[in-house]
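A quick write-up on the structure given underneath.
Naming follows writing order (A, B, C and D), and every chain is counted from residue 1.
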Amino acid sequence: MNLHEFQSKSILMEKGVSVPRGLVVYDALEALVAARSLKADKIVLKAQAHSGGRGKAGGISVMSIDDDVRSEAGRILRMNLVTNQTGPQGKPVSALLVEEAPQIDEELYLGVVLDRNDGHVTVMASPAGGMDIETIAKESPEKIYLVKVDPLRGLCPFQSRGLAYKLASKNLIANQIAKAVTALYEIFVSYDCTLAEINPLVVSGEKVLALDAKINLDDHALFRRPEMAGLRDRSQEDPVELSARQAGLSYIKLDGDIGCMVNGAGLAMATLDLISIHGGAPANFLDVGGGASEQVVADATNILLDDTRVKVVFINIFGGILRCDVLARGVIRAIKERGLQLPVIARIEGTNIELGRKLFADSGLQIQMIPSLDEAAELVVVKAKELSAS
Amino acid sequence: MNLHEFQSKSILMEKGVSVPRGLVVYDALEALVAARSLKADKIVLKAQAHSGGRGKAGGISVMSIDDDVRSEAGRILRMNLVTNQTGPQGKPVSALLVEEAPQIDEELYLGVVLDRNDGHVTVMASPAGGMDIETIAKESPEKIYLVKVDPLRGLCPFQSRGLAYKLASKNLIANQIAKAVTALYEIFVSYDCTLAEINPLVVSGEKVLALDAKINLDDHALFRRPEMAGLRDRSQEDPVELSARQAGLSYIKLDGDIGCMVNGAGLAMATLDLISIHGGAPANFLDVGGGASEQVVADATNILLDDTRVKVVFINIFGGILRCDVLARGVIRAIKERGLQLPVIARIEGTNIELGRKLFADSGLQIQMIPSLDEAAELVVVKAKELSAS
Amino acid sequence: MAILVNRESRVICQGITGRNGTFHSIACRDYGTNMVGGVTPGKKGTFVDGIPVFNTVEEAVLETGANVSLIFIPAAHAKDPILEAVDAGIKVIVCITEGIPPLDTASALYTVKQKGSVLIGPNTPGIISPTEKCKVGIMPGYIHTPGPVGVISRSGTLTYEVVDQLTKAGMGQSTCLGLGGDPVVGLSFVDCLKMFKDDPKTEAVVLIGEIGGSAEEQASEYIKGEFRKPVVAYVAGKLAPPGKRMGHAGAIISGGSGTAQGKIEALTRAGVTVVENLTKVGQAVRDILL
Amino acid sequence: MAILVNRESRVICQGITGRNGTFHSIACRDYGTNMVGGVTPGKKGTFVDGIPVFNTVEEAVLETGANVSLIFIPAAHAKDPILEAVDAGIKVIVCITEGIPPLDTASALYTVKQKGSVLIGPNTPGIISPTEKCKVGIMPGYIHTPGPVGVISRSGTLTYEVVDQLTKAGMGQSTCLGLGGDPVVGLSFVDCLKMFKDDPKTEAVVLIGEIGGSAEEQASEYIKGEFRKPVVAYVAGKLAPPGKRMGHAGAIISGGSGTAQGKIEALTRAGVTVVENLTKVGQAVRDILL
């Protein structure tokens, strides 16, 4: 679950990290009032949407207080923000953050992630913050300082201090950086984040400010922070993906016309690859998961059939915990309830396979069973092309 | 810093451990009203004083609600409680805890300490709780179950469960015991205790109750829990020891007539031993500490001279951080301010010794300087005996 | 021979009285696994289809000499039983549970490594050694057959797919294990390759990777340097959706690795036979070994 | 030769710009110690009487090759600098600070031991090797003289007392160290005896114990079993006040050990010369060695 910049900044503030003065608004007139109330010469309007690259996409404006703040705010609030991270469909702008634009003397970088390779929470800091940090990481890795945190001991004050003195020599600044490092780490572990990042952390005169912040939470640990559920902004999520997740499914929309239902993320990815090898284009990634019930399978089937772009349905299941009979019952129930309009090609294998095959065979539905995965994939692609052509 | 039983129980309750219903009262009539309000057939009156062995000393009464609760409460509240732990001077009773007396099916023991030998917080549990637990520990150590807690990992739920299932087989009971174990451990570490103990933890029907509890806090860590200062009961402390501690001194009253001022706990203990070898009896243990200032030394001198039992003062200092000149200045200042009435024998050695000797010599005070520690101790004892005889 | 588990393994199931615990404990025993006990707090003295249940792992180990544990405990509480198994001296811990908060896994894993145990998973189908008739996991046993091929995978169903092909191609398996699909897991490809290197019954290894992380890149380095048995690999996710980007931090820590193409290239450079069509993996192994 | 510190030790002081840090850093250097630097966050680039100051221990180690650290940091914040020293690779850490919350010490000590470093203290006068002209602590240097006697003590001033006697009796010292007076300390008598055993310059050891704990009893066991050099011991606290009882728990965990009489008996049984009159320790050593 991703948080907006303003939500992330509010958590940082609670932990004692300074951020530029600002207000969150939802319409253009409010934006103007907010801008004036800041009593700053220069202000910045920032589109609140779950994506990086907002600046390049026109979602961030630095203005003088004498400029036409209201019009500009209106423009941003009405935007559909298309960045290099959103895909062509873009993201709506949920709110506008109106902030004073502080003097910027230096741009630093702070980030915390869990390094999958060694299982250590890793704190990263660099004196070269800002939008080019990824390039810096590739080309001048010596400018990125890392602290691997011992999972049981946690981040120690001396480690925060150590990073801070690598980024600043003045005590006044280093102490504020150390405080930000500790705060960001504590946020990461206490909120079970997948990412906690301040980029840039700016030195502004004698102050250190988090100019932008990104905090993403791990969905698997949200049960520990039920109060965070209120911060979820559903308008930033694809409605189909959202309802799929609520049904316990992992679904991602793609651009093609072959609806896929697979169990297991690995096999689901492999299925997309296989369709592609045969020249087809999947409409989605859909993993029904390991322990799906009949209901979940039925929900998955409905999600596929609801997608008007889908021309053929491809079911590829290798039953482990998910038994083939449960799968068959779920699919059959969903199709019978709505009446079948699309061709379905199923390749099933694994636990209770005989029973599953029999259920499909006895269902009276026109579901084509192909035992060979490769042949099934090929056939699906051929079918999809026929239906496209017709 | 020690807590009273009722204060310990209130912390346990906050952490979800059940205790018998009860009320704290400060006079006999209140006790009667409290007893009646509990609506229990049997009640128990418990003297609140910082000592174990209250029962044997008459500080605990189990009564029927029809007995003369008021008289008995009055008797206990007026007691000076002399137990095997208080010394002959005893302890006043600060308050009375009036509790329902629950049915007792089993008496268990739970305790948490820091094991000095290995630096591990150690959780102890035994199915044989009650007053005989120390005997059990010596004679049947297999009945005491220990968990050594990894300092970084902390106590894990499975460890609490493991202890609980060694004390009880019924799930309903074991779950409550496990909860009490976890709570007691958490209290120990979050309050920096020197001891957290529930003895006995009783099984009463389907409930598990902390019948008695003892929580002692480490004075060195009280800075982390400033709110606990309010729980200190100064009436339970010797006023001289208390004022010594407030002056930064470590002072313990003993039974003899030789007032001792020493630096360092080890040398202070050794000085007592040496006086005893020569047939004398020290009036106190007094460690002025490593970094004592002139003021602290003056305070220490006054504490010694205030003690009317003291016949001779013995100053034994081996200067390290504490410089001999600082020592001399403090002693001289205190004696000059009040006028010297008692013989003082000083043996000083160590940092700035020449300057210290000179200060004493030039002070015009009758302070006898003896370079040899053994001779000094011998002389002190002789002087004390002379003065006792005269 | 096999790696990690074998005919002598004495296996317990933590969470044996739950639905999955019961089902798979019995399925493992049916396959041939020496299931010596189970653990569910408060259920001591009961039996699951003849398998004795204990309150704690410590008790189970004392009574049965167990040295392998199969864990089915809901994600929110799964850290504790892993630590319980380690502390009781269990050497191989197979954690099936999916969706454990990664910081919990990371913390438990630290202790696992410190005490010299091995964690398979979490979010793994488990481990199976057909040659040893020992299955500690949830994979359908019947698709496996004894033979010379070791299988290491980051994905559950993808493993079944490959194993099924291998069996149908006449290529039996020595040991198959799933590393687990969670962000933090106990074993890496390299850890397993080291074990397969020393296992005389394993003549070739199939490595099933996927996008994300750098486990395949590290395996490539290791294979190039030290691994002399033939390796066939498949990497899922060439067409994978870009997924949720982890801000800059993800890119910084991964240093640009993690794409399917990058992994395929690294493996190919290390001399691994990389198969692009999933359905051809079995055949590729057959071509190499026969 | 000596134990733990010597002529080659490169010593830094954490907290060097504080009053005690400055005073004792210079006093140690005056004694002959190789004081190569100091650490006070934010004071990098400054000097304390010519000794360079760094922001972090890591920097100090990089710049000076330091391997020993002397810590003067207020008790409430002393855990962090111990960990900082360990992580920076310092092998011998001498923590003078008194009154550190014992749970902080216990937690820091865990890491110290895990990383193979040694913690002397906390609440110790430190360590001094007169033969090596190296003092890392706060003891008055002038009372020491080089010689064959090792001194291990749980008490500061009591050590000075004994060392003074030894020097006056013509018995010089190889190394003297204070274990520290806090409930949890880094080294035990046994740890130090093992080091003195292997130190050819140490011919006899004086062990200064006191009531509480079981360090002396453990030392007795070790001496009886493996330690062949003569040991003279003094145990303070025969007449000690009963002190604050630690409820039942203290008695249970100590199992009845901890009294001065018990310790004296255990040491005597182990063949140690136990001196009851503190002022006779120097003479007792002289009687044994001459």
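FYI, contacts are C-beta pairs under 8 Å (C-beta built on N, C-alpha and C of every residue); 3 or more make two chains touch, one makes a residue touch a chain.
A quick note: this is a predicted structure, and the numbers were derived from the prediction, not measured.
Asker: Compare the CA centroid of chain D with every other chain's and tell me the farthest one.
Answerer: A
Asker: Distance from the CA centroid of chain B to that of chain D, rounded to the nearest Å?
Answerer: Each chain's C-alpha centroid was found; their separation is 28 Å.
Asker: Determine the centre-to-centre distance between chain B and chain C, using the mean Cα coordinates as centres, and give it in whole Å.
Answerer: 55
Asker: Can you give the whole-Å distance between the Cα centres of chain C and chain D?
Answerer: Those two chain centres are 49 Å apart.
Asker: Considering chain A alone, which of its residues make contact with at least two other chains?
Answerer: Answer for chain A, listing residues that touch two or more other chains: 150, 152-153.
Asker: So which bits of chain C are touching at least two other chains?
Answerer: 111
Asker: Connecting every touching chain pair, does the picture come out as line, ring, star, complete or other?
Answerer: Shape = other; not a path, cycle, star or full graph.
Asker: Applying that definition of touch, give me each pair of chains that meets it.
Answerer: A-B, A-C, A-D, B-C, B-D
Asker: Which residues of chain D touch chain A in the complex?
Answerer: Chain D residues touching chain A: 41-42, 44, 55-59, 80-81, 83-84, 87, 111.
Asker: Flag every residue of chain B that touches chain D in the complex, lowest number first.
Answerer: Touching chain D: residues 2, 52, 85, 87, 109, 111-117, 119-122, 124, 133-134, 137-138, 141, 144, 150-152, 189, 192, 194-195, 197, 199, 214, 216, 218, 220-221, 223-224, 252, 254, 262-267, 269-270, 272-277, 282, 285, 290-291, 317-321, 349-351, 372-374, 377 of chain B.
Asker: Okay, in this complex, where on chain C does chain A touch?
Answerer: It is residues 20, 75-76, 98-107, 109-111, 125, 138-140, 143, 153-161, 164, 181, 183-184, 208, 210-215, 218, 234, 236-253, 255-256, 276-280 of chain C that touch chain A.
Asker: In the complex of these two chains, what residues of chain B are touching chain A?
Answerer: Where chain B meets chain A, its residues are 150, 152-153.
Asker: Which residues, counting only chain B, touch chain C once they are in their complex?
Answerer: Answer in residue numbers: 153, 156-159, 161-162, 165, 169, 171, 174-175.
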